[in-house]
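Two complexes follow with subunit A in common, the first pairing it with subunit B and the second with subunit C.
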Partner chain A sequence: MNIRFTLNGQDVLIDVEPERRVLNILREDFGYFHARGTCYTGECGACTIFFNGEIAPSCLIPAFTLRESKVITFEWFSETEDCQDIIKGLADAGYESCKYCTPARILVIHALLENNPRPDEDEILRALSGMRCYCSDYTSLIEGVKNAGLIRNRRR
Partner chain B sequence: MIEKSKSPHTYSPENLGDLLSLYKSMPDALVYGGGTYILKNQKREFLSLPENVIYLKRVEELNRISRTERFLEIGSSISINRVLSIGKHILPAALYNCLLGVGTPGIRNLATLGGNICVRDRRMDTFPLLHLLDARVELRKAGGSRWIQINRLFDSEGKASLQPGEILTRIRIPFDEWNVQVYHKLGSRAREGETTLSFCGLAKTQKGVINDIRIAYGCLGKQILRNREIEAELSGLKVPINIKDTASAMELLKENMDKIGIAISNFQKKRAVSFLRLFLLRLAEV
Partner chain C sequence: MTFSISEGMFVEDFFEDGMLHVITLRSTVKRGKIVSVKIPEEIPESVTVIGAKDIPGNNSIEVFGRTMPVLASDFVRYTGEPVLLLAGPVEKTLHEIIDNIEVSYEEETPWTSIKNYSKEQVAEERIIVKGNPEQAMVDAFQIIEGEYTTDTQVNRTIDPHGAFTLYHGKILKVISPTQWPFHVKSTVAGVLGISPRSISVHVPEMSPSLEGKLWYPSLLAAHAALISYKTGKPAKIILRYEENILFTPSGASVYISNKTGINKEGNPVVMDISITADTGAYPILARELLDRVCIASAGVYACKNMRVQGKIILTNTPPAGSYSGLGLAQGFFSIETHTSRISELSQIDTYNWKRANIIRKGRHTVTGDPVVTEVPLEELLSRVVVNSDFQRKRAAYELLRKRRNGIEESPIPYRGIGLATAFQGNSFIGKGEEGATYSVRLRLDKDGSLTIFNSGVSEDGKAAAIWKNTAGEILGIKNENIKLEIAGTEGIPNTGPSTLSRNITIIRKLIERCSQAVKKQRFRHPLPIELSRNIHLPRPIEWKPGIFNGKIFPPLSWVATVVEVEFNATTLEVEVRGIWLCIDAGKILDQKSARKRIEAEVLYALEWASSALEADDILYSEKILSVPPIYIEFFSKSKRNQPGGIEELAMSSVPSALISAISQATGYFLDSIPFSPQSIQRLMEEQ
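Now for the complex of A and B:
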């Protein structure tokens, strides 16, 4: 099946099986390895990407739904100032993670801050509830997200 | 090596007319909303899908939201997060809380409200609450449409009343003056079993008297538990409800849970009774 869609700002045309997971397409056909395949059931959040502007688990997106869609992966997002704000905000709070889940976590934080520049603790925890990696220290994570929001608001 | 099955034919109609004629020509096709239930337990690299799959999300008519003074109407392909974005002050409070508890933010971006209602082998989170809210759903097939009460969508055994070629297109939720609204969920849908339970409670009180009260439980497989006998007993009572009437309602619930043919664990029974008690206490707070 031929599918045209936008991947990290570029128009692409691929020939794939319609039932293939976008997670596997990104990793195997495009070499975008920051979306991790862990649970394959949409529960862990490690394969998160932006799908039509919203975060979604790429393991639960079959190729046939890609047509004319817009996909953004962490590889592209990591080049943006928005991403640098988040990295700095987290680092300032002394947040350390296992690195495995960090790309997805950063995308989730970005989605939160876009809708809600000053989230409170509950909102942060709720937004991150889809991340099932228990590597994190939640106190510094919450602090880091708040920092990131402030840094971003100042810059913008 | 695991062999890959044949690829499905997938269709993405862009308007309702095309969708209905397509579904009429292949009534065995799988109707695909957000796919989050359909794909839930598939762990293999290639997803297993039937021969024909009809993707609903591009159908323009199914992606509309409208509002009148009396009701809110939501297209069946609207994602759960888009429903939430209608806002806390417009959506019934209990529905807002219920939707916030569906899956994770990423899942809610894919999952549709129509899909949540139409899951065949169990009633998902919105179902018991939409039932209490008197929601109606529009079902359409080529050459016909009908509106039914949401509880008519499945019979008492949980069998869907959707006819071949029929799609759920819109959900209509009346605005009503429920001044007490409660939604609680225990446990996670991802591991649904003996320790999951949801509680929905709605009540209208006026001058310290209960005018209308509705209670339902979910996460009980294909059934929801609603007991109109308890509701009738509680209607007309003064708030705060006295200890005797509270105890009698709780007793009635226990008896009812033992009688009905739904498998309920002891844990669920105990929690069901606690939820009822908390709800009755809440009534006194308004």
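Now for the complex of A and C:
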């Protein structure tokens, strides 16, 4: 099945089986490794991407739904000022990032801050509750997200 | 060959041209003889199938003298045990083929219970006798009995278990997320029947493994290596989520009964402790686990007469792994919950009971070891009690509880507060590593940069930062000029497994000694200077009937912990209001990192104590919404200069303090973990 869609700002055309997972397409065909496959049930959050502007678990998206869609992965997002704000906010809080889950966490934090520039602790934890990782540096994570919101608001 | 390993790559990120995916055909029965295996004849040429008979070397993985098969040959001992490996370029095709392979079994009645077991199931036994327990039990003023169960610690690490192998010339490279690279190397060499010199192990990125990647990665490395060996092609095995959860090692579940005789003052005069631990189908690490449970189950209390009997029981479940505490946590849960119960029944304040009975300098531990240094527990207990306002709260909550008539609708919240103590040592204590020599090497180059070579694995980077700081401070070199060679085995000395706080207590110490040696030679010898330092592990302890010789765990780290909870009488849910820990772990090298590590361990301990298999989603979807305040105080009375381990202190103390707090809040005595609203409901109905 031929599918044309926008991946990280570039128009791409792929020939894939319609039921193939977008996660596997991103990792195996395009080498975008920051989306990671753990549970393949949408529960762990490690495979998060932006799909038509919304955060989504790429392991649950079948290839046929990619037609005419816009996909953004962490690799592209990491080059943006928005991402740098988040990274700085987390670093200032002393957040010790976990290389496995942090890319997905950053996408989730971006989505949160876009909707709510000044989230409180409960809102932050609720937004991140879909992430299953044992890295658990929650105190710094909460402070880091608040920092990121302030940095972003100032820059904008 | 373009192969390279770079920072940030997890094992699942490795791809190579011509790579074969490896999947596993697993036993579908708990226990039985393999009668026949029928593989469809029309398998594509590109697919390779390997069974036990195809293994060129030993069909076994060995840890400290205990073994299990790499692939089951004629008998399976747990559901999920690997029977065949299938490898091919397209994973989907492999799954289609595996569905058409027929394995028939002659099933036997599985071993499932650790309470009702046969002689065949007993893999290991211990007995310690101190004083005259029989006579002391007869003479005791009152006897208090309790039974305590700790369920398994489930493997929930987010990055999957796996391995990637490929030939680089004549060298077989093995990418394995392991805490023990040299164990992977020796296992793969043994299974393939080749020299360890032709194998090079590299450790990729890993997320925190909670001690779940000690020996199991060696099994998967052997699986991938078998495929590369047979086909000459790169091979990758990545376990699926359900395989990770169901078939990889979990922590052992343990049942402990404790019969304690007390005198008129409520002090213990005799303890009779019986332990059965389930290490699954193969008793990997069973000796170590049993030693540690036996030691911890006697706790930190002085008691002249004691009998501790321990047994490892085999069941037809996946073999148990290491996990936090490796037995200490289970032992401490029983003794601390039991002593809280004793103090309550003796009508003595828990704090005063524990403080009065803790072991002091001049006495002997349960192991016969004389206590020659000050035990800091009295100080830790008094500090944590003050920090948490324990005595006032305990008394107030007790008064409220007594005024209530069971669990009923009430405008006054149901609250409880519990107290527990524990210690931890470092490294292994049992047989297996005797005579081992581990070493670290440093190289100071002409450009002033320093390279550290050791096979230690720093999963979250904290240990690596401490290693760099240690060397940097001694040699006056900035962190950016210190390089840590990627963990593995190629050109790197064997530093042993990175478990049980050894990264700090052994590897850091070796780096310190090595740095001091380099410092002595600096400016006296031309650069580069390359030096190594070794450590010889002391002789192992020995169990003898009635005597347990040897110094265990030098140096010890100690903790006193308080947990406060609020119980919802309508939903039967528990909210943790606060956790206070006071810790003596000698010199704390990095306060911030240490606090973060302990906070994370507290959350793991809460998860183990409160959810486990019954409520899979609690940690991730609900508990994260109520991360309790955690207050940590480091206190060292001895001012000792060497750091001790900290990683197991929360796991050994938080569950018991939590259960004691819930028991006070509800008025029902809890003696098992995990608890859940359902288990509290059952308790209410029973009591």
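Some observations on this one:
By our rule, the second predicted complex is superposed on the first by the 156 of 156 C-alpha atoms of A that agree within 3 Å, B and C clash if a C-alpha of one lies under 4 Å from a C-alpha of the other, contacts with A are read in each partner's own complex, and residues count from 1 in each chain.
Just so we're on the same page, a contact is a pair of C-beta atoms (placed from the backbone, for glycine too) under 8 Å apart; a residue touches a chain by one contact, two chains touch by 3 or more.
Keep in mind that what you see is a predicted model, and the values were worked out from it rather than measured.
In the superposition on chain A, contact of A:Pro57 is made with subunit B only, not with subunit C. Contacts of A:Arg67 after superposition: subunit B is touched, whereas subunit C is not reached. With both structures placed on the common chain, the touch criterion links A:Tyr40 to subunit B and to subunit C.
In the superposed model, A:Thr48 lies in contact with subunit B only, and not with subunit C.
When the two complexes are overlaid on their common chain A, residue A:Glu19 makes contact with subunit B while staying clear of subunit C. When the shared chain is aligned, subunit B and subunit C each come close enough to touch A:Ser129. The residues of subunit A shared by its contacts with subunit B and with subunit C are 40-41, 43, 126, 129-130. The residues of subunit C lying in touch with subunit A in their complex are 8-10, 12-13, 15, 156-160, 205, 207-208, 210, 240-241, 460-462, 592-593, 596, 599-600, 603-604, 619-622, 624-625, 627. On the subunit A side of its complex with subunit B, the touching residues are 1, 17-21, 24, 40-43, 45, 48, 51, 54-57, 60-62, 64-65, 67, 108, 111, 126-127, 129-130. Interface residues of subunit A, counted against subunit C in their complex, comprise 27-28, 33, 36-41, 43-44, 46, 94, 96, 98-101, 122, 125-126, 128-140.
Those residues of subunit B lying in contact with subunit A across their complex are 4, 7-8, 10, 12, 35-36, 39-43, 45-49, 53, 55, 57, 81, 100, 103-107, 109-110, 190.
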